[in-house]
Every structure is written in structure tokens, then in C-alpha cells.
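Same chain, two partners: chain A is paired with chain B first, then with chain C.
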Partner chain A sequence: MTPKRILKYSYYPGCSLHASASEYDQSTRELFKVLNIGLTEVPDWICCGATPAHNVDELLSLSLCAKNLELAEKVDGDLAVACAACFSRLKFTQHTLEENDVKRKQVEKAINAPVKLDNRVKHLLEILARDLGLERLAAAVKKPLKGLKVACYYGCLLTRPPDVPNLDCVEAPTIMEDVLHAVGAETVAWSHRMECCGANFTLSRPGVVIQLSNAILESAKAAGADCFMVACPLCHGNLDIRQKEIEGVYNTSYGMPVFYITQLVGMACGLSSEKLGLGAMIVNPMPLLKEKHLI
Partner chain B sequence: MSRIGVFVCHCGENISRTVDVERVAAEVGKLPGVAFSTDYKYMCSDPGQGLIKKAIREQRISHVVVAACSPRMHEKTFRKAVEAAGLNPFLCEMANIREHCSWVHEDREEATVKAIEIVGMMVERVKKNRVLPTITVPVTKRSLVIGGGIAGIQAALDIADAGHEVVLVEREPSIGGHMAQLSETFPTLDCSQCIMTPKMVDVANHPRIKLYTYSEVEHVEGFIGNFQVTVRKKARSVNEDKCTGCGVCMEKCPIRKIPNKFDCNLGTRPAIYVPFPQAVPNTPVIDRENCTKFKTGKCGLCQKVCGPGAIDYEQEDRLIVEPVGAIVVATGFDLYSITEKPKGSAIKGYGEFGHGKIPDVIDGLTFERLASASGPTGGKILRPSDGREPKQIVFIQCVGSRAREKGISYCSKICCMYTAKHTMLYHHKVHDGQAYVFFMDARTPGKNYDEFWRRSIEEEEAVYIRGMVSRLYQKGNKIVVMGSDIAVGVQVEIEADMVVLATAVQPRIGADSLAQKLGISYDKYNFYSEAHAKLRPVECATAGIYLAGVCQGPKDIPDAVSQASAAAAKVMTLFAKDQLEREPIVARVREASCVGCFACKKVCAYGAVEEKEIRDRQGNLIKVVAYVNPGVCAGCGTCQATCPSKSVELDGYTDEQMVAMIEAL
Partner chain C sequence: MPVKKKKMLLSAETMDIDFVRKVEALSGTSVRRCFQCGKCSAGCPMATFMEHPPNRVVRLLQLGQWQRILAGRSIWYCASCETCSTRCPNKVHLASIMDALRKLSWDAEGPSKESYVQLANKLFLQNIRTYGRQYEMRLAAVFNVKSGQFLKDLMLGPKLITKGKLKMFHKKNKNMTEIEQIFSRIEEMRRNGEAP
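Take a look at the complex of A and B:
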């Protein structure tokens, strides 16, 4: 085993984790506490621009993220990000500013500060699987998630575009599965791990989202999964909040709880359902967890 | 006293646009030692060269400086002209005022001043040039051909037919290469075996071709006209002289379930085998990894049943040294493996296509084996998973090719045509089936090629969908193909029974290590580099080594055959002379000051430095010094830079010449 070193990070929760995905935020903080990983919220962070900004104005979208990166430099350690969309934008900005000097100068002018890119942007998955390491993660498990069959859903943003996030293989990643295997869960092999759920069309074109998310639910169910694991508040919203509606439209029944990574890993590390915010889930996970003797 | 002539070229407008060439000629004319200077629009043209020759004769010019383009472009041209006028060609130097000056500057005044300085340096240098006599070396009129695919076979036959001996080395147990695996060939649909196997027989029967199969090039020494090649002949465990090719050993071998590589692992073969029935030579090989005799010491059945007693379990690898004068490299290709991402490779793999996980997702070469009359299904198109005939088949082009984000940016050139052929073969064999093709562009330049592609659509009813596929996944008995049709702008989903991927063509695995043995250059994909992309497409920069076939870049059969014949013609040109002339730009050792430290020997990449004993008249050893073999020396100058006692000088690039140039600045 590698020698223990103290891990600490600055933390960018992003807007969703302070609102609709507060249970993701809560479970992240609790899990990191249990794993003895330092987490300091970036002071005075602002919106990353998420999906709309880069469609409207490139400089604006880069500047919003660059401002957050600048703020994060004030805290020791790499920048931990939970939301897949925030992760994508911050990582993309870091990549662009490293590669393109002209844009870097424009952005520095816009935020009126020099851009330092010393600290890396890291997704929670990377921190768990690589920085902490699967061995140390497995050692922290108190209650292995035995018998739970999970469909790992990556969505669009975690690994794409090629050469930017460098989280894992772009089209056939295994990092979520690796983390879950370390905490004793089973994962299913299924077809729609990387497909789009419809994302923020959930408000403007719900019909599209219902169709796309149904395909995801259907294929995971067919592959024998009990539940989902996700890393993105938008994916979570579409699969969890809309699940009932989708079942109605397609006249079927899925009943598949949608967990965040930190909720499942936290559960294995012995955290209570209150601390993990399981009560905030729309599809009630309790019957499944009881059936598997996990609570 | 030297009488130097300086000739300043306009290069059309390439130089004169930014450099005042007339002023350069006038200014340089004032330098001491310069007897004549002039300018001309195209110095390399016939009248331009005439100008130089005339000046040499009429002005009694002793040294020449041509101020023009890079010496890489025209040094040979001008040295030839100078030689024709009666001067030693090495008394001519080029001052590069194009690449080093006019092309990279905008300010006319500054560029002109720089050009005058560049020419001035070369004037001082040429004063120190010595007359260098041409070096001649003998030529061994035998050729090595590496690789026994169609390119290697063609080159070997051409050279041998011209009356020269050929040593043909093939890694596999049989010659034939990929072409022997193909079913039918575009654009005529003639059977590949029918046109290939007679050529293989010609090779085997040719009195001047020495064939080494199941062999590899181990080591190469020497230089153009005089290579020493060590060939490793791997132990076949079968005596080739005794074996009659009756095949009883293969019938009786109890190990039968080894996947047959020749059939893309669709069929099986015994542990003693020939890769395919038409193999040349028709002598089996024992696969020692899978043979019970080699694994446990028991069995030995093949030896018992072999009438002529050809089975020899004790046989060992043999190393054979072959002297040759020229080498043709024709090592061919491998297909991009999308099953897994090769370790440490820039290639990213295609996890989203499930190849290797979904049994009915196959590559183009596997489809060739299915369609081949001599293949594992006898020419029937059947699914590897359950042996059913696929009624809906999807072909996906550009898998790996033209995909920068996957690590390969080039076009593999052959896939558009072979996919069109596949749709035809499929339609001929499965009449009620439907073929779909996902493509980016149809690239069909070639005689009768576009007509062939049109035929697959218009007569053979293949449906072409312009767009790429994002994902394949198994759904029950079907494979769901998710793609886009960019002509209509919609997402497409097809439930297919079988999917064929037109995977990219790559150089053979290990092409780089062979290149290092041969001392030839290769690109980032490991394709071997030709000396000039347009004007020397079959020669390597390393003299005496020639390229044929896909090892140099993706090619179809006619292109590979053409290049092979071209390489053979180059070899014949080389063999037309008994003695070879070499540029005398070689290193010389000043024996008086050499202390024999042999630092030069350590750094020489060409093995040109030898040890030479200096003895007095009584034969007593005085000292050992370095000696540079002028036949081997490539003139790189590394020894000159390394020598601590400054005892090595590279002719044409002496320290004296370099210092003179610097002092002129």
C-alpha cells in the first residue's frame, strides 16, 4: 500500500449543489470527512456558466471559470468538483488557457487578474479512484454494498471531449465501476452508459428528455440493474425526478433509485441515510436498500 | 590565387522579390579572390548552367559559389555542371539565399545585406575547398527482399527475371501475405487466390530466388552495394529437404482446436500445420507452444506417421549470413486492432463499437475469410456467433482512419473500394439480405474505381448513409447501430445481424524495430519514409534500400505491385554498374595526432570506424589508431565533433572551412 499522505482540496460545489442537488453536496462533505480528506469551499465562488454561457459568448464562459480558478488558487490543494457540468467547464477552461496564449491574455484582461493554473481541476471520481486510491478506499469500507446491482451512468460530460478531461477512456471508461467494485457493489454491463439524457432540455423540450431518458432507464433495467449511480445533478434530475412521468408515458414501471457516487460510497463507509440525504431522492431507495439488507 | 566565380540566382521572383540580386552580385564581385560575378533569372535552367560553364572556360574560374536555393535542392545539379566544365565538382559550393534569407524576411534592405553576408561566407569557405576524388566501391549483384506479400513477390520476381539473385525473407511459414487471404479483388472481382497463387509458385520454382520462410532479418551491416544480412531461420521442426508435403502429419495430429490466424481465428488448425492449403512452401511447421510433444515430451505421433522421416524435434534456429548489394523492404501492414487499446500507444481504441465483445462485429479481413471459397465457411456468409445467415448487414467505414481524436489522421485508401466490394459479395450470396454502409466520403480515384462503387449502389442495392456511427450494442440477437445521416440531418438506428468495420491500415507491428536494424527513417505511424515524397517515392534516404507496398503508406494491390516493380527497376539500375561511385564527403583521421582513444568509434552510428595498427619497418607495433572506412562512412561529422585531439576531419566540412566562414562575418 502507498504511504498515507494527507489529502486536501479546495471545493467548488456549483449552483446545483446549493439547490436541487443539496444531497450531493451534503453527502460529499460527509464522505470526505469520514475518509479524512480536507475540503475547503472556494471563498466567494461564482457560477461556472454551465451549459448556456459557452453557447452565447466564449470569452464570458472562459472568464467565469477563470475567475473561479483564480479564487481557488487562494486555497491549498487541487480543486475538487462534484457536478459533471461544472467539472467539464472548469477543465475545458484550464485546457484552453494552457493551450492558447491569445485567449489567456483576453481572459486575464476580463477578470483583471493573472491566471495561474498550478492547481488541477479534479472530479470526485479521480480523487477517490486515484488520489486516495482504490486500496485505501476499500480499506475504509465498513459495510460492503453486497448484492446491489448498479448501472453506472456516465452521461455526456465526464469523459468528453477527447484530450480535455482525461478522466478515463473517452468512450469506454471504467472508473465508476472501479470505485463501486472497491466498495463491494456489483455493476452491470449495459449499453447506454454514455448516452445523453437530454440534459437541460428538461425545461424547454421535455418530450425529448422523456424519450432519451426512457431509453437509458429501459436498457439499464434490461441489463438487470437495481439502481443507478450518477455524477451529475442534471442527469439525476432527468432520471430521478422525471422517472414517474416517464413510466406514465411509456406505461411501464422501473422503480430504480438514482444515487450520487458519494451516497453509495458513503453508505459503504457507514454513513447514515440522514447524513447522505437519501430522503431527498424522489424514487424512494428504502425498499431496495432494505431488501438488500443495507439499512 | 583562387579565381572565384559567383552566380546569383533570382529563382524567378522567389529571391529577387526580397533580395536585390544585382546589388548582391556587384558587392560580392569586390571581394578579394572573386574574379567574376553575375546574376540570372533561373540559374538551374539550361542557359543558367551554360552561363557557369562559359565563365569557367572563358574567365578561368577556379572555384564556384552559386547563391540560390538550399543545397538539398540543387547542389548536385550545379556540381554536375561544374564537373562538365572540367572542374572538380567539390570546388563548387551553394550559398542558400532563398530558404535562409528571401523566404523568411520581408525587409528588402535587410535581406539584401544578409544575402551579401551569406555569399561572402561561402566565398571564404570555397577558398579552402580541396579537390576530392570520387570514391568507388564494388557492387554485390544480389538483392534481399524483406516480406513475401504481393509487393515482395513482385519485386523478387522482377529482379530475378532480370538475371540477378534474390534472397526473399518471409516471417510467416508461407509467402502470400494478406493478398492470399482475400476473397475477390476490386474492381474486377477476380479471385485473389487465382491471380496470387501462380506467382507464389513462380517464386518457389525460380532458379535465382532463394526463399527463406518462417525467417526474420536479424541484423544488417554494411552499405550500398555491400550489405551483410544475417537471417534467422526459425526452427520449423520439419526437414524441408525430406518433407514431401503429403499432409499425413496434419491429419493425424491430435491437437486440433488452435485458432487459425490465417482465417482470422474463425477456423481451427492442428499443432503441425500449413497456414492454408495453397501455401508455398507446402512444408508444415510445428507450433511449439501448442504441441504436446514440446509441452510434455509425450505424443510424437507426427514423427511416427511421417513416411520420409522429415519430422525433426531437435531442429534449432539457424543464423545465415547473406551478402547483398541492395535491399527491398516490403513488410506490409496490420489492421488497426479495435479490440483493445495497445499499451503505451497513441491509438485510443474503439470501446464504443464492442469489437471483441460482440462476436458478430468483425473487421474487413474477417469478412474476406467468410466470403472466400477456401475460407472456414466455404464461402458462405455466416455469423460467427450462431452460424445464421445475416439478413441485415451494416458496414462502417473510416474506423480508425481519418480520426485524429483516435490517434490516426490519415486515410487508409483501400476501405471505400473494398467495402463496395463487400456489399457486392454479400448481395451475390445473400439475395434477400440488405447491406447498409455508413461513410464519410467515398474516395474512389483509380481506373474503373468510381464505376465499381456506383455499381454497388445502383445494381447491387447497397444503401449508403453519409454519416458516422456513435455506438454499437447487443440487444438480444441483434446489434443496434446508432448513427447519423447528415444528408437528411436525422439520427439513424439500424438493428443489424452483423457489422463489418473497415478498420485502418497500419504498418506491421514491429516495423519500427526493423527500421532501426536497417537504419532507415519512419514517420510517427511507423510507415517507412521515402527519400522524396514526389520524385523519389521508392527509395529510402539510406542508399541502397528501397520500399515497396504498404510499409511505405496505404496502397491497394495495383499500387503495391507498381511500386514493387519500380523498386526492382531501381535495384537493376544499381546493378547495371560494376563499381559504385560515392560522394567523397567522408571523415579522415590524422594518424600522427590520433591517440587511439576511439571516442569516435563509440559515437559512429554507421560502424565506419575501425582500429588500425601502425608498425615500424621491423614490424613492431607503434600504436593503434582510428581508421574510417570510406565505403561505410556516411559523412555525418559526429566523429569530428567528438575527437578530443582534433584528429578527425570531415572532407568538405573541415574546421578550417568553418572558421573561414565565421571570420568572414
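Take a look at the complex of A and C:
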């Protein structure tokens, strides 16, 4: 066995994890506790600006993220990020400020502080698969997710932008599958694993989301998946919260629960459904989990 | 959506290359590298919603016809998924070009056909300035009121509240002064011409 290293991180949950994705936040904290990984929330973190900020104002987007990186320096350890969109923005900012002196100076002026970039921005997947390692993760499994066929949905932002050092291959990542195999689940090969779900059009143009998310649900169902695993609160909202609406529009039935990574891994590590916040999911996962004898 | 066929006249008068240079400077990418292979449009999840698909946006920029782009909805229907930038064989960072076009259109309060996406963006940024973080309930409620769609997604509301997914109350960040200063410093830098 590999010698035990003490892992600890500062934690940037992001706005959604304090509201519509509170089960992602809850299951992350519970899972990290079980795995003995330290997690300290960044004090007074602010919104990363997400898509709307960089859409119309790059300097604002970089400054908001840089401010968060500065706040994160107050806590020991690399910065663990749960939301794929926050992750993409924070990582992009870190990379841009390292490479581009002009932008760095502008940002330093805007936040009125020197930019510190020592702590790396890491997604939870990276922490589970690399820092902790698949072997140690597999060793922590108490109840392998045998027989569960999962469609790993990466969405668009987890491995992008392409020119920033990524957590995995930009076109054919396998990090989600690797993590799931380590905890005993099966994964399916399917076409729409990196297609966009419509993301924040859920507010302004829900029709777009219904069309794009339907294609994703259809593709996963056709590939024989029982459920989804996602790493992004927006993907989750579009596939889970809007699933019933999509079924109505296309006169079909999917009934596919959408889990966060930490919920599935947590389940394998023996955490109860209350601790994982399974009750907050709109598409009820209990019938599927009972059928597979996982609860 | 059928596009009205308009004759495109190319001349020194209709080709505004200064604007295109601005786009290139802001986005840090060159539109001249594009050879119109169309890979961006083939992979774009939103291309069906746009009157000018991504490769045509670049073509119009190459020809200095930026007014046609800003007058339409294409730039506001880009989801920023970055599939185009990822797959471009010539390293044209189209997602950044879209950002630059939106910024220029936003700053000029340009005549776009798409107002809902702009409204959503505006409310999102206002929320950061007022509260420091997003509060989805507030964002959705204010969006519905301001866009006049009072009943939009109303059926989702009760379910989300019982599942604890919408927080009825929220408080401001403790560091609101610092956040406000970021916004005002950026505005000041722009007034002084120190930032784009």
C-alpha cells in the first residue's frame, strides 16, 4: 500500500452548491470526511462570474476569479472546486494571469492586490483520481456499485478551454469512468458525453435546453445506461429538474436519475442516502437503487 | 430560420477592418487564420438556433461585415461551450471572438435581436455587485418579472422549494465593500483608458 499522505484543501463550493445543488455540497463534505481529506471552505468567497461575466466583460471575470484565488490563499492547500463552470473559470484565470503580463497588471489594479498563484486549482475528480489515487479510493470502498450502468456526462466545461492545462484529454476524457470503475460500477460508451446541455439558457431560453438535453437523455438511454453521473450543477439542473418537462415535450419516458460524482462514490464508501442528500433529487433514484440491491 | 438574401457589396466603404482589429486584439486570436473548414459549425450545439453559424461569423469578420453579426442573435445564442475553439485546426479561438463581439455589442448597447439572454446576463452581474453571490430564486424571479414572463417555470417552483433547492432568504457577503471596489475600479480604469 502507498504510504499515507495527509491531504487537505481549501474549498470553493460556488453559488449553486449553496442553493439548487446543496446535495452536491453535502455529499462532497461527507465523502471527504470518510476519505480523511481535509476541506476548509474559503472565507467570504464570491461568485466567479461564470458565463455571464466572461461573455460581456473579460476583465471583470478575471478579476472576480483572481479575488477568489487571493481569498483561497488564506487557507492551506490547493483549491478544490466542485462545480465544472467555476472550475473552468478559476483555472482559466490562473493560467491567463501566469501567461499574460498585461492582463495580470490590469487585474492586480482592479483587485488592488498582487496576484498569488501558488495553490493549484483542482477539480474534485482530480483529487479523487490523482491526489488520493484510484488504489486508495478502491481500498475505501465498502459496498461496490455492482451492476449499476452509468453514463458519465462530462458536459462542456470540465476539460476546457483547450489551451489551459487540463485535468484530462479534451476530446476523449476517461477520468470519470476511471473513478467509477474503481468503486465497482459499470460505465456505458455513448455519443453525447461531452455535448452541451444548454447550460445557463435554462433561465433565458429554456426551449434550447429542452432540445439539447433531450438529445443527451436519448443517447444515454439508447446506450443502455440506468443513470447519469455529472460534475456540474447546471448539467444536473437541466437533466434532472427539467427531465419531466422534456419527457412531456417529446412524449417519451426516460426516468433516469442524475447523480453527482460524490453521491455515487459516497454510496460505494458506505455513506447513507441521507448523508448523500439523495432525497433532494427530482428523479427519484430509490427504485433503481433497490433493484440493484444498493440500498 | 430563413435568412433574407441580401446582396453583399464589398468595397472600402463597407469593409470596416478597424472594428475587426479591435475584435482580434480583445480576443487575442486572428480571424485571418480561418480557412473555412466549417468544423466549428459542425460541432456547435447551438448552430441550429443561429442565423449566422460560427464559421460564417468568422467569414463575415474577415470581410469586415461586423454590423451583420451584431444585428443578429448569433452571438447571444452561443453557449460558450468552447467546442469550436477545441476543434479548430488553425487555433482560431472562436469562443474568445464571441466574447469580444458580445463585449463590443454590450458596451455600445448595440441593436441585437436577442434581449432575454442580455437581460439574464445583466441581472446575473447585478446580483454579484449587490450580494456577492448568486441567489437563483431571486435571479429567476426578477428575470420573469423584467421579461414579462410571469408564469415561466412556475410549475417547477413548489417542487424545488420542498426539495430544498431554492433558498427563500439570502444574506450579503461580508466583503461587499471589496467587491464594489472591484467593479468601480474597473469602471475607473475604463474611463482613464487603462483597460479595454
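We adopt the following convention: the second predicted complex is superposed on the first by the 293 of 295 C-alpha atoms of A that agree within 3 Å, B and C clash if a C-alpha of one lies under 4 Å from a C-alpha of the other, contacts with A are read in each partner's own complex, and residues count from 1 in each chain.
Note that a contact is a pair of C-beta atoms (placed from the backbone, for glycine too) under 8 Å apart; a residue touches a chain by one contact, two chains touch by 3 or more.
In this text, all values refer to a predicted model and were calculated from it rather than measured experimentally.
Bringing the complexes onto one copy of chain A puts chain B in a clash with chain C.
With both structures placed on the common chain, the touch criterion links A:34 to neither chain B nor chain C.
Once the two complexes are overlaid on the shared chain, A:63 sits against chain C while remaining clear of chain B.
After overlaying the two complexes on the shared chain, residue contacts for A:117 are found with neither chain B nor chain C. By the touch criterion defined above, A:170 reaches both chain B and chain C.
Touch criterion not met for A:223: it reaches neither chain B nor chain C.
Number of chain A residues touched is higher for C, counting chain B against chain C.
Shared-chain residue A:53: touches chain C; no touch with chain B. By the touch criterion stated above, A:199 is placed in contact with chain C alone, chain B being left untouched.
Once the two complexes are overlaid on the shared chain, A:208 sits against chain C while remaining clear of chain B. Touch criterion met: A:191 reaches chain B, while chain C stays clear of it.
Note: residues 161-163, 170-171, 194-195 of chain A belong to the chain B contact set and to the chain C contact set alike, using the contact criterion stated above. Across the complex, chain A is touched by residues 26, 45-46, 49, 77, 79-83, 85-87, 93, 95, 99, 102-103, 106, 116-117, 119-121, 124-125, 127-128, 132-137, 139-140, 143, 152-153, 156, 159-160, 163-167, 173-175, 178-179, 181-183, 185-186, 189, 194-196 of chain C. The touching residues of chain A, when paired with chain C in their complex, are 15-16, 18-22, 44-47, 49-60, 63-64, 67, 106, 109-112, 156-157, 160-163, 170-171, 194-196, 198-201, 203-206, 208, 212, 241, 245, 279-282. Interface residues of chain A, counted against chain B in their complex, comprise 161-163, 169-172, 191-192, 194-195, 219. Looking at the complex, you find that chain B touches chain A at residues 341, 348-352, 405-406, 471, 473-475, 480.
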